[in-house]
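To keep things clear, I will list the structure first and then write my remarks on it.
Each chain gets a letter, A, B, C, D, E and F, in the order it is written, and its residues are counted from 1.
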Amino acid sequence: MATLGMIEYADAGPEVRAVYDDIMATRKTDWINNFWKALAHDPATLRRTWESVKQIMAPGALDPLTKELIYVAVSATNLCGYCIASHTSGARKAGMTPEMFAELMAVVGMANETNRLASGYQVEIDERFRT
Amino acid sequence: MATLGMIEYADAGPEVRAVYDDIMATRKTDWINNFWKALAHDPATLRRTWESVKQIMAPGALDPLTKELIYVAVSATNLCGYCIASHTSGARKAGMTPEMFAELMAVVGMANETNRLASGYQVEIDERFRT
Amino acid sequence: MATLGMIEYADAGPEVRAVYDDIMATRKTDWINNFWKALAHDPATLRRTWESVKQIMAPGALDPLTKELIYVAVSATNLCGYCIASHTSGARKAGMTPEMFAELMAVVGMANETNRLASGYQVEIDERFRT
Amino acid sequence: MATLGMIEYADAGPEVRAVYDDIMATRKTDWINNFWKALAHDPATLRRTWESVKQIMAPGALDPLTKELIYVAVSATNLCGYCIASHTSGARKAGMTPEMFAELMAVVGMANETNRLASGYQVEIDERFRT
Amino acid sequence: MATLGMIEYADAGPEVRAVYDDIMATRKTDWINNFWKALAHDPATLRRTWESVKQIMAPGALDPLTKELIYVAVSATNLCGYCIASHTSGARKAGMTPEMFAELMAVVGMANETNRLASGYQVEIDERFRT
Amino acid sequence: MATLGMIEYADAGPEVRAVYDDIMATRKTDWINNFWKALAHDPATLRRTWESVKQIMAPGALDPLTKELIYVAVSATNLCGYCIASHTSGARKAGMTPEMFAELMAVVGMANETNRLASGYQVEIDERFRT
């Protein structure tokens, strides 16, 4: 964060370090990206957000790659530069091929287009979709 | 569409009917949902949109279920009521279980939250994500 | 507004009535739509908003129809049901034909699609566009 | 603005200078930020926007700090980099502490999450909220 | 939720009931609104979301009323009908007067306007806002 | 694209070159902007997107300048930096004067403001707008 700066491991208190340690252990890496170093200014949000992300992105009915694809889809829809960069990277680590990325972008673009066509044409929800 | 009305098959010209026929054949159904009946007021957009959707949503590097999940993720992010209803229905037909839907929503919610934390904290993109 | 109700002319104070009168005179109509009747709960915002709309939507370098088309484009992008309905109506009164509406929707849909392709692909601004 | 450039006080005409003078007098500063220097390309919008901001952000039923917090909340939701930077600065000047900023971000993140859960789950408005 | 239905207390399992009980105890009410009854289809998200909301909306550096105002600001920016209705209700219970609501809306409207002016004019962040 | 790089003409295969050639011929220029060079990583999306843009932005019931103005309006609403830069440039080439740009921005800003006032005040659609 430009005005706050990032909190590095060496400068972090024990509460923040505990989260950093868990991030690195869970992700099997020795590196913390800027998002968490910025949130570290608020240890409560850092912990809550990490715990939620850890729980939500774990394998379940959907596999980790599918979850990362969904994360990129939301981030591209919101035009969040940071999130697109970090989760595109995450999706690649989870197995996203260039062909998958290309199809992901095509679906995201199309959905954003038809969302506006549906609203602009004031389309009413079909009864079949309500039951 | 409230002010334009929907164009039913019986009232459609040959250009619109050809698209309707292709939609029903491709989807193996005898039913056209309101989105297409509204677009039918503009046959050029109807055809172009359907051809794009047909091409993009076909099986490829991503399977049809994953594509429907992404479509719902975008639609929920944009708060498009029509699109959420229609593509949640489509995702179910493609095999989405209640457990998958629950996880999809959890990821969409979390991504929308962290998108704003990243912007609000003015987090800069890590060099590692740029290369 | 569901919980506040609309303020009708008969129930309005002189400050609100003055704005209502000006809206009807400017638009050459005897009717006030719900947007203004809701804002009337806050006469300062009612007046300020109306004065701004009146000034901005007046003929200038852009004609009133073009301005209404832009208003619909923004409203469809934001999925604002009320604003789409009211400004589509306004655009028709200003001369929008069904063909114009169809092309407007096509451009709005396409722009929303390419906005996300540009963000998802992390496209950098060309130097030529900066100078 | 990259392609238009900023209009500095020395280069401004009397209409723009009058607004700049009022901004500096109202804010008790000798400095004009880029937003206004860009709007100065359109003196009518410069004046209208400044008059509206001045009126709306003045102390009233809500104090100036609360108004700046709301401004940051909207800007973070829209991912407006410029507005986040300028209004976070403004909020600090109005008394926002790091603890307040942290809680502001937490609420903004949570609201953006639950907005999408509400839409994705197609939650209907409770009757109690309508009356 | 139209297609899933709401899960009432009488039909809920012990995990969901425990959350419902905590919501009613925390809010000193005997009533659960639809948002939670829809999330109850996924007990994990129900619990996580409630725990987060409970923690974030508790009094802290910002008082509960300010937090509700921020919640409404985000919801209005996203055009989330459900969230606007529920949190406007919540803000009123927390002490929001009609005058406060009016000023809240004015700030939200203005911020959404200037966010787009800043982006459309391609305004660069002032150096002073970066340090 | 930062992580993918741009595909220059010299490095492109025949499918991509054919699209590049058509872009340059249609636009009467010898230059391809980054958007297309990024999409070239997916020739199918490159072709489909270009064909759609070419068809939609051609003169019709709306002239090319009006279409570019609408494109800028959507892009500014979405805060898409790339798209604002490229389509503001395109609008200028199509004849947009500084006065037109100023009015365009004023309408975009106002529409984004009133969209949120309409949602925040929960304004119901007038019957007259439905028929």
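We adopt the following convention: a contact is a pair of C-beta atoms (placed from the backbone, for glycine too) under 8 Å apart; a residue touches a chain by one contact, two chains touch by 3 or more.
Predicted model only: the values in this text are computed from it and were never measured.
> For subunit B and subunit F, which third chains touch each of them?
A, C, D, E
> Can you tell me which chain lies farthest from subunit F, using the average of the Cα atoms as each chain's centre?
When every chain centre is compared against subunit F, the largest gap points to E.
> Measuring between mean CA coordinates, which chain is farthest from subunit A?
C
> Indicate the whole-number Å distance between the mean C-alpha point of subunit A and the mean C-alpha point of subunit D.
Roughly 27 Å, centre to centre.
> List the centre-to-centre spacing of subunit C and subunit F in whole Å, with centres computed as mean CA coordinates.
Centre separation, subunit C to subunit F: 20 Å.
> How many angstrom between the C-alpha centroids of subunit D and subunit B?
34
> Where in subunit D do residues touch at least two different other chains?
Subunit D, residues with two or more chain partners: 2-3, 41, 44-45, 48-49, 52, 77-81, 85, 88-89, 102, 104-106, 108-110, 112-115, 117, 119, 121-122, 129-130.
> Can you check the complex and tell me which residues of subunit B touch subunit A?
Per the stated touch rule, the residues are 1-4, 31, 33-35, 38-39, 41, 45, 49, 52-53, 56-57, 60-62, 66-67, 69-71, 73-75, 77-78, 80-83, 85-89, 97, 99-100, 102-104, 106-108, 110-115, 117-119, 121-126, 128-130.
> If we count contacts the way the header does, which residues on subunit C are in touch with subunit A in the complex?
72, 76-77, 79, 81, 84-85, 88, 104-105, 108-110, 112-117, 119-122
> Show me the residue ranges of subunit B that touch subunit F in the complex, using the header's touch definition.
So the residues of subunit B in touch with subunit F come to 2-3, 44, 48, 52, 55, 129-131.
> Okay, in this complex, where on subunit E does subunit C touch?
Touch residues, subunit E against subunit C: 79, 85, 88-89, 98, 102, 105-106, 109.
> Which bits of subunit E are touching subunit B when the two form their complex?
2-3, 41-42, 44-45, 48-49, 78-80
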